[in-house]
Amino acid sequence: MSGSDPILQVKKLIKTFGKKVVLNGIDLDVHKGKVIAILGPSGCGKSTFLRCLNGLEDVQGGDILLENKSLVNKATNWRLVRQRIGMVFQSYDLFPNLTVIENILLSPLKVQKRNRQEAENQALELLERVGLKDRADDYPRQLSGGQKQRIAIIRALCMNPEIMLFDEVTASLDPEMVREVLEVIAHLANQGMTMLIVTHEMNFARLVADEVVFMEQGSIVERTPAEQFFTKPNTERAQQFLNILQF
Amino acid sequence: MTEALPFYKTALWVTLKLAGIGIVFAIIIGLLCSVILYFKIRILTNIVRVYLEVARNTPLLIQLFFLYYGLPKIGIMFSEEQCGIIGLAFLGGSYMAEVFRSGMEAVSKTQVEAGKAIGLSNTQLMRNIIIPQAISYSVPGFGANCIFLIKETSVFSGIAIFELTNTTKNLMGIFYKTNEALLMLVIGYLIILLPLSLFLTWLERRVRHAEFGN
Amino acid sequence: MLNSAINVLFEGRNMYRLIEGLLVTLKIGFIAVVITIVAGFVIGIIRTSKNKMVQLPFRIYLELFRIIPILVWLFVIYYIVPANFELSLSSETVALIVFSLWGTAEMSDIVRGAVISLPKHQLESSKALGLSIVQMYQYVLIPQAIKRVIPPMINLITRMVKTTALLTMIGVVEVIKVGQQIIEVNNSHYPTIAFWVYGLLFFLYFCICFPLSQLSRKLEQKWAV
């Protein structure tokens, strides 16, 4: 694979729920190190799209290629793929029966079968970076929403994925906690992580994203460099969308 | 009536022993069935469904009669105690399966997805995420089932097992002290069930606190 | 040998007597269920009162039937009453008394649970709409209460039907006893008869209880809150 090939390619992706077509032929190339914000009105399919990329939803047509290897076939071992494409959800589901550090180490130890000392070092270092190292032995119920979400991100990062997917991760948080989570994501972007972020936080998307993908009713309406999208988008539809958000 | 006490002690012990072993097997069967139903494993799911309907819609007494009097006629012989345990496990397994299954279904789907997203296999999901959380949802129903199964041991009288009820019946025949005998019988069940009931209420509260901090 | 035994079931008056026995069971069950529904309903409503004095005796009554196995109750009434009071009761009467008391206790719990679980805000909304108390009950509360009562009630009835098997242990001549008599008579000629008779009884109870539990489940799904 040459340096200029996209790490992730989506070709004419089609997803249906019964008779309803939710994704109508999505084409997208994602290059390493790029941050792509996926925006659009409710129901346009952005979350579903993300969930197709790590196999939580099956697809009815098209292809997904990770480093030129197709993921849309029966032979795909999604458990392996999910170690390379990490995902963080809106519902910051930390496992209530495990402590913070046990939550984070669950995958590295049980799935990746790594050396405990090495994995623990990485986990503690990541916790340190977000300022939560002293909460390592606490249970999720003792933490705030923002803290739990930051740990959910670390839990995904500890698998050393190549791509991170963020599905509206701040949507369930109280406003005062949104910032601390976004800071973590921004930091990741600076470090060169390849990311696809579905969000409603427009200012954040503007700051962090390299490109914006605007979706509506299961199709990509436009794909534009971030700064340009927010000042002068290419399509009328996108402009209307942005206008609605300016109250 | 004091001459009868040793009989009661034995009867109490028999009741507890058979109920205990039966419940253990019921739990194992119930767990197996609920996992099969949760993951919708082909073929096995249908077998489990048939088993559940048959076990829940037939009285224990008939199951015992069939095991103890019917099966020997086609060459399968079990002792009374074995019949009792098998019957209790067969019936109890279906009740436990129902309780465990609804406990598993109560674990939120987002938890399961979060587990999948970090690459856990089905077995790992079950062991690390689903079962620990399902336990706290299942405790009330599990407790009710245990109490129910212990009470069902009274039905063992039908196949000449000398648990509490049968022993009492015979003692009444020997000693003619109906009132005292029946009082002892009721006390016998209370001795087993009251502490169990209190323990289960405590367990329920404890598990809920551990899981959800309330 | 195996196959010829099954024919005994169809011989002579065997089938007829089995059905007679079944009718005895169903008769007792039916009367007990009717009493259960009526008395259970009334007591259930009474138990919704917040008065501790009212609650207590009924609570004890319910717990007595929850802790003590039904078979034990059958023995207690069957043996204690003649021994202590100058009354002789037939086994059918004993069965009726025990099942009615048990059913009523459980039914009262179902009714009480249904009434308590009705959302309070519905009462307020109906008041705000100007409905009278009677109309509130008629159009809002009772239809909802019924949906919460019927599935568990059918479940209770199914359990009561299953428990009628125990009646054979206090000598009621119901279907199991008839079956056992058939076995006794035919055992020497057809050693495998026990297998078939108990097999048939197994099947019979299943055929009665299974439709009931399916009905309860369907209704529960249809009326899911």
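A, B and C label the chains in the order they appear, each numbered from 1.
One rule holds for everything that comes next: a contact is a pair of C-beta atoms (placed from the backbone, for glycine too) under 8 Å apart; a residue touches a chain by one contact, two chains touch by 3 or more.
A quick note: this is a predicted structure, and the numbers were derived from the prediction, not measured.
Following the contact convention of this document, B is the list of chains adjacent to both chain A and chain C. Using the average of C-alpha coordinates as each chain's centre, A ends up farthest from chain C.
Chains joined by the most contact pairs: B-C. Taking the mean of all protein C-alpha atoms as the reference point, the chain centroid lying nearest to it belongs to B.
Each chain gets one centre point, the mean of its Cα atoms, and the points for chain A and chain C are 56 Å apart. Computed from the mean C-alpha positions, the centre of chain B lies at a distance of 21 Å from the centre of chain C. Mean C-alpha positions place chain A and chain B at a centre distance of 46 Å.
Residue numbers of chain C whose C-beta contacts span two or more other chains: none are found. Chain B contributes residues 108, 110-111, 113-121, 124, 128-129, 132-133, 210-213 to its touches with chain A in the complex. Contacts from chain B toward chain C in the complex involve residues 53-54, 56-63, 65-66, 69-74, 147, 151-152, 154-155, 157-158, 165, 168-169, 172, 178-179, 182, 185-186, 189-190, 193-194, 197. Contacts from chain C toward chain B in the complex involve residues 2, 66-72, 75-76, 79-80, 83-84, 158, 162-166, 168-169, 176, 183, 191-199, 201-202, 205-206, 209-210, 213. Listed in rising order, the residues of chain A touching chain B in the complex are 54, 56, 78-80, 82-83, 86-87, 89, 91, 93-98, 106-107, 110-112, 139, 141-142, 152, 155-156, 159.
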